[in-house]
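In what follows, chain A forms one complex with chain B and a second complex with chain C.
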Partner chain A sequence: MDDLLLRVKGLCTYFHTEEGLVKAVDGIDFDLKRGETLGIVGESGCGKSVTALSVMQLIRPPRGRIAGGTIEYIRGNEIIEITKLGIHSPEMRSIRGKEIAMIFQEPMTSLNPVYSIGEQIMEAVILHQQVDKREARKMAIQSLKEVGLSSPEQQVDWYPHQLSGGMRQRVMIAMALSCDPNLLIADEPTTALDVTIEAQILELMKGLQRTHNMSIMLITHNLGIIGEMSKRVIVMYLGKIVEIGKTDDIFYNPKHPYTRGLLRSIPTIGLKRRLNPIEGTVARMTELPHGCYFGPRCPRRMPICGEKEPPQFLVGDEQFAKCWLYEGGSV
Partner chain B sequence: MTTSHKKPTPFEPAVILTVPGDHSKKDPKHKVGLSQWDLIWLKFWRNKLAVIAGVIIILVYLSILFADFIAPYPISLKNQDYVNAPPMGVHIFHDGKLTRPFVYGFKMEVDRRTYLRIYTIDSTKRYEIKFFTEGYEYNLLGFIKTNRHLFGTQGDGRLFLLGTDRFGQDMFSRIMAGSQVTLTAGLLGVMISLVLGSILGTLSGFYGGTIDMILQRIIEFLQSFPHIPLWLTLAAALPPTWSSINIYFGIVTILAFLGWTGLAREVRGKVLTMRSNEYTMAAKASGASSWYIIIRHMLPNALSHIIVVATLAVPGMILGESSLSFLGLGIQPPMTSLGVLLQESQNIRTIANYPWQFTPAIVIIVSILAFNFLGDGLRDAADPYSQ
Partner chain C sequence: MNTNQVILEVSNLKKYFPIRKGLFRRTVGYVKAVDDISFFIREGETLGMVGESGCGKTTTGRCILRLYEPTAGTIKFRTDNDLIEINSLNEHQMKAVRRQLQIIFQDPFSSLDPRMSVKDIICEPLLLQGIGTRKQQIDRVAEIMARVGLDAGLMNRYPHEFSGGQRQRIGIARSLILQPRLIVCDEPVSALDVSVQAQVLNLLMELQDEFQLTYLFVAHDLSVVEYISDRIIVMYLGKIVEVAQSDQIYQHPRHPYTEALLAAIPVADPRAHRQRKLLEGTVPNPANPPPGCHFHTRCLYAQEICRQKVPQLVEIPGEQDHYVSCHFYEELDLKGFVPVKSAGLLGLETDA
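Up next is the complex of A and B:
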C-alpha cells in the first residue's frame, strides 16, 4: 500500500459519436507502484491512449466523459481521487504537469512553433513553481542537459523547426521532467522516431527514471519496447484488459489467445517463416460481439465465449487472463 | 526488434545545422536561432512585389498623416477664375535653360459656341514653385500650429498639380483630404472588425457547442444579406444632425460591424485546428488553463493569419466607404472622401471634358492593389515552413 502511486478501479470512458456510444475504455482495473514501469500494449483503437488521457482528465467533454470507476492518485498518506476533481479545477491543473506529466507520440507537432524550446520549458516550470525567469531559465538549461542535448546553453534559444524529431522528443521529455513529476505517462513516445533514435530515447527514459525515482506508464503497440522497458504489462483489447502480469510471464508464457496471437505476429530476424497475423479485424466499437469481444477471432473459441463475457482468472503469479479457458484455475 | 545494445550517443549530431532555408549559414543570427517571425520576415522579403506594395502603403499613409502640410490649399478654397482648370505642368526649362521648377500661368477664354472655358498656357507669366512656403494655417499632426506647406507659389500665381473641379477647388488638395478620410476609415474599420472577429472567432472555435452554433448562425445571417442595401439602410439611419466627424465614425462602425464575419470564420477555423494540436494538448497536460492556452499558444500562432486576413480586408472597407459616399449616404460635404470626390464627377461632361477629376479613382485603385499584393505576400510568408 505505501508504495502505491496510482490505483484505477473499474474505469469507464465513453464517447458519444454519431454512430452511437463508443466504450473506448470499459471497466479496467490496475495499479501502479512507485518507481515502476507499467506497459500498456494493444492494437490501435483498443483504448490505450484513452486510458492515459483519462488519468490526466484530458478527455474532452461533451463528446467524451469518464462514465464510471475511480482513479486514485496517492501522494504520501493522502489519497486524491482524480475522477472527483473538475476537469478545469485548479487542483487538477496543479496535478497535471507537476505530479503527472505526459509526453506524446508526435514530437514534430507537440512543440509550439512560435516559441523557443527554452521558453516552452520555462513556461512549464513557472506554471508550477515559485521561481523567477532567470531561475526558470537555469532549470530549463539543466533539464536540457539532463536529456543529453550537446550544448544546452545555446540550444535553449533554438526553435522547434531547428531540431530533429529525436531532439524534439528529448525536449518534450525535458519539459515533462522539469517539474520532477511522480508519474510520467509516455503515449507511444518513440513511434514517430527511427529505430536508432528510439533506442536512445528509451535508454534515456530508463536512466531518468532511476535518477528521478518516478513511475512510467508506457503506452505502445510495440512489444519489443515493453520487453525492454517494463516489469509489468497490461494487454488491452477493445477497451478491456485481457491479460495482465509480469512481462517475463506474459512473453514466455502467455495465456490469453489474443496475447499469444500478438506475440506470434512479431517478425523475427533470421527466422524464415511466414508471419502469423491474428485472423480477422478488430470489431467496430459500436457493434461489439456478444460474450468475449475476442471470440469471433479466437482460434480456441468455445460455445460459452459467444454467450457470456469471461471474468479475470488468476493464471499464474500475479498473472490474470480474461478467458474462459482458465475457468476453474486450469493453468 | 528494437533491443539495440549500442550505447546511446548523447545526441544526433548530423541534424543540427540542416535548418530549413540556407540563410542560416550566412546569417550570424543562426547561432541564436531564427524565430518563426524571423522566417516569415525573410520569406516576405524575397517577394519583391509585396515589399514594393508595402512601401507604397507606408508612403501613402505617411502622406495622409501630413496631408495638410503637403496640400497647398485648404479643401474648400474656391477659385472663380480657375473653374475646371486642367492640371498644370511643372517645368524646369525656360528658354532652353535649366531653372528652378516653375509653372506657367493660364489664359482663359470662353468658347462662344459651347460656353466651355478653354485654358491656354500663358508663357509670359512664370511662377516659381517655392518649397516650405507659407500658406493657410493648420495644425500639424493635430497640435503644432503652423502655416508652412511642402510647396506652393507666391503672389497671384496658382499651382494646380491635378487641375481643379467645378468650383475651382484644387483637386490635389482635395484628394489629400479625401484619402485621409477614406484610407483611415479602411484601417479603423478593419481594426474594429479585427477585435470583434478575433474575440468571437476564438470563443466560437475554442468552446464549440452552443456558443459556436449561435455565433455561426449570426455570421451566416449577416453574410446572407446583400451588402449595399444593408449599408444603405444603416447609413440612412444615422441622424442627419450629426457633425461630419460623427458621421465618419458612424460609417466606420457600420462597415466594421458588418465586416467582422469573414475574420471570425478564419480565426475560428484556425483555433479549431489548434485545439486538437498536440502542443495545446501538451500545454494542457502540463497544467495550463484554457485562457492561458488561448492567449499564449493559440493567439501567437493565429496572429500571422489574422494579419493576412486583416490586410486583405482593408480594400473591402475602403471600397465600402467609397461606395457609401458615392451613393450620397456616406461622408457629407464639407468633409470629403474619395467617394465624395468621385460622386461629384459622375457625369458625362466630366468624362468628356475634365478627365483629371477622376484621379481619386486612381488613388483608390493603387491603394487597393497595394493592399492586395501586400496581403498575398504576407499570406505566402505566414507559413514559413511550407516550401
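Up next is the complex of A and C:
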C-alpha cells in the first residue's frame, strides 16, 4: 500500500456516438506503483489512450464520460479520488500537469506554433509553482538542458517549427517534467519518430525516470518498446484488460490467446519463422460479440466463450488472464 | 543464391526538388532527395529498402514508376527479355509498361478515392488499359477480391465501410489486377495494427509465390523488412550506404549507419539487456547535406577523410552481393543484431 501511486477500480469510460454507445473502456482494474513503468499495449481502439485520458480527467462531456468505477491517486497518506473531482476543479488542475503529466504521440500538434517553446514551458511552471517570470525562464532552460537540447539558452526562444520531430518530443518531455511529476503518462511517445530518434527518446525517458523517481504509464502498440521499457504490462482488447502481469511472464509465458496471437504476429529478427497472425479483424465497438470479445477470433474457443464473459483468473505470479481456459486454475 | 535475371536496373538515379522562394518563386537551391544511386532487382526477389524519413526511399520508388520524373539517371525494366530504358518512353509506350509495374501505397485511407465503389477502384486499371468486356472485368474483380481475402459480395460498397487492413487489401487487389511483374510496395503495412500487419505480410508473400512477383519493399520498420526481404538496401540522406543479402545486413553489417539502425530497434524481449551504442543528433537537412560522407556528423567512427571525401559504393571483395559505401569498412568491426534466443517466445509454436 505504501508504494502505491494509482489504483484504478472498475473504470468505465463511455462515449455517445452517432452509431450508438461506445464502451471505450469497460470495467478495468489495475494498480500503479511508485517508480515503476507500467506498459499498456493493444491495437487501435482497445481503449489504451482513453484509459490515460481518464486518469488525466480529460474526457469531455457530453460526448464522453466516466460512467463508473474509481481512479484513486495516492499522495502520501492522502487518497484522492480523481473520478470525484470536476474536470475544471482547482484540485484537478493542481494535479493535472503538476503531479500527473502527459506527453502525446504527435509533438507538432501538441505544441502551440505561435509561442516559443520557452513560453510554453514557463506557462506550466508559473501555473503550478509560485515563481516569477525570471525564475520560470531559468527553470525552463534547466529542463531543456535536462532533456538534452544542445544550446538551451538560445533554443528556449525558438518556435516549434524550428525544431525536428525528435527535438519537439524532447520539449514536450521537458514541459511535462518541469513540475517534477509523480506520474508521467506517455501515449505513443515515439510512434511518429524515426527509429534512431526513438531509441534516443526512450533512453532519455529511462534516465529521467531514475533521476526524478517517477512512475511512467507507457502506452504503445509496439511490443518491442514494452520489452525495452516496462517491468509490468497490461494487454487490452476492446476496452477490457485481457491479461496483466510482469513483462517477463507476458513475453515468455503468455496465457491469454490474444496475447499469444499478438506475440506471434510480430516479426522477430533472426527467428526465421512464419508469422502466425490472429485471424479476422477487431469487432466494431458498436457490434460487440456475446461472451468473450475475443471469442470469434480465438483459436481455442469453447462453447462457454460465446455465452458468458470470463472473469480475470490468476494464472501465475501476479499474472491474470481474462479467459475461460483458466477456470479452476488449470494453468 | 538467387541467380535469376535482372528485372530492373537503376543507374545513377538522381531526383532533385527545387526550393523556390520569393515573389517570383526563384529557385534558391535543391533538396537532393535521391542523389546518384544505382541498384538492380532480380526477377522473383524481394528487395527491401530501409532508412529514416527523408532518406529518399519513397522518392526512389516513385521515380521507378515515373510518378516523379528523375532529374538524371536511367531506369531499365525487362520486357520481352530486353532491358529497356523506361524513363525515355513516351506516354503511350509507358502505358504498356505500367501493366507490368504497379505500386501499393502506405496509407489505405488517403490512397483510395472515397467516391468510388470498391469495384470501380479495383477495376479502374482494366478500364484504363482497355482490357476485357464489362462482364469479364467484373468477374476478374470478384476473382481478385477473393484471392486477397475480401468478400466479393462487398464490391459495391465504398472504402469507408472497410477497416484499415481490408482497405490495404483493396489496394493490393487493384495493383494485382493487371498481373504485373514488379510491384513497388511503399510502406504497405506501416499504418496497420500488428495482427493485421502480419496478415497482410503473409498475403504479400503468398501472392509472390503464386504469381511470381518481384517486390521493391520500402519500409522503415527493420523487423518487417527482415521478414519479407531477400536483399536489403540501406539508405541515408539520398544515398545508398549498404546493400546485401538480408542475413548479411543483420548479422554482419559493414556500414556504421546500418549498425546504428540495428542497435536502435526496440526488442520484444525483456531478457535481452543489450549493450548498445546509440546515434546522437538527427538527420541533417537534405537541402544542405554535410560535405564528404553524409553520415559523418553522426558517425561514431568518423575521421578526417570522412569530412572531405564522399565514399563510393563498392562491392566487398570475397562477399558476393555485398556493397558498402564507407572509407573504413575494411577496418571496422561492427556489431550485428543479436537475435532473440528466447526459448519462451519460440515455445509459443508448440501451443495447440
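List of remarks:
What we mean here is this: the second predicted complex is superposed on the first by the 327 of 331 C-alpha atoms of A that agree within 3 Å, B and C clash if a C-alpha of one lies under 4 Å from a C-alpha of the other, contacts with A are read in each partner's own complex, and residues count from 1 in each chain.
In this text, a residue touches a chain if its C-beta (ideal position, glycine included) is under 8 Å from a C-beta of that chain, and two chains touch if they have at least 3 such contacts.
What you see is a predicted model; the values in this text were computed from it and never measured.
Residue contacts after overlaying the shared chain place A:200 against chain B and chain C alike. Of the two partner chains placed by superposition, A:142 touches none, neither chain B nor chain C.
Looking at the shared chain after the overlay, A:225 reaches both chain B and chain C. Of the two partner chains placed by superposition, only chain B is touched by A:104; chain C is not.
Using the contact criterion defined above for the overlaid structures, shared-chain residue A:167 touches chain B and also reaches chain C. Of the two partner chains placed by the overlay, only chain B lies in contact with A:157; chain C stays clear of it.
In the superposition on chain A, A:248 makes contact with chain C only, not with chain B. Residue overlap on chain A between its contacts with chain B in one complex and with chain C in the other: 164, 166-167, 195-200, 202-203, 222, 224-225, 227-228, 266, 269. The touching residues of chain C, counted against chain A in their complex, run 52-53, 163-166, 193-199, 201-202, 220-224, 226-227, 250-251, 260-261, 263-272, 276, 278-280, 282-283, 337, 339-340, 342-349, 351-352. By the touch criterion given at the top, residues 43-44, 164, 166-167, 194-200, 202-203, 221-228, 247-248, 251-254, 260-271, 273-279, 281-282, 300 of chain A touch chain C in their complex. Chain B meets chain A in the complex at residues 1-4, 6, 8-13, 15-16, 19-20, 31-37, 39, 209, 277-279, 281-290, 296-297, 300-301, 385. Listing the residues of chain A that touch chain B in their complex gives 56, 58, 62, 88, 93-98, 101-102, 104-106, 109-116, 123-124, 127-128, 148-150, 154, 157-159, 161-164, 166-167, 170, 172, 175-176, 179, 195-200, 202-204, 222, 224-225, 227-228, 266, 269.
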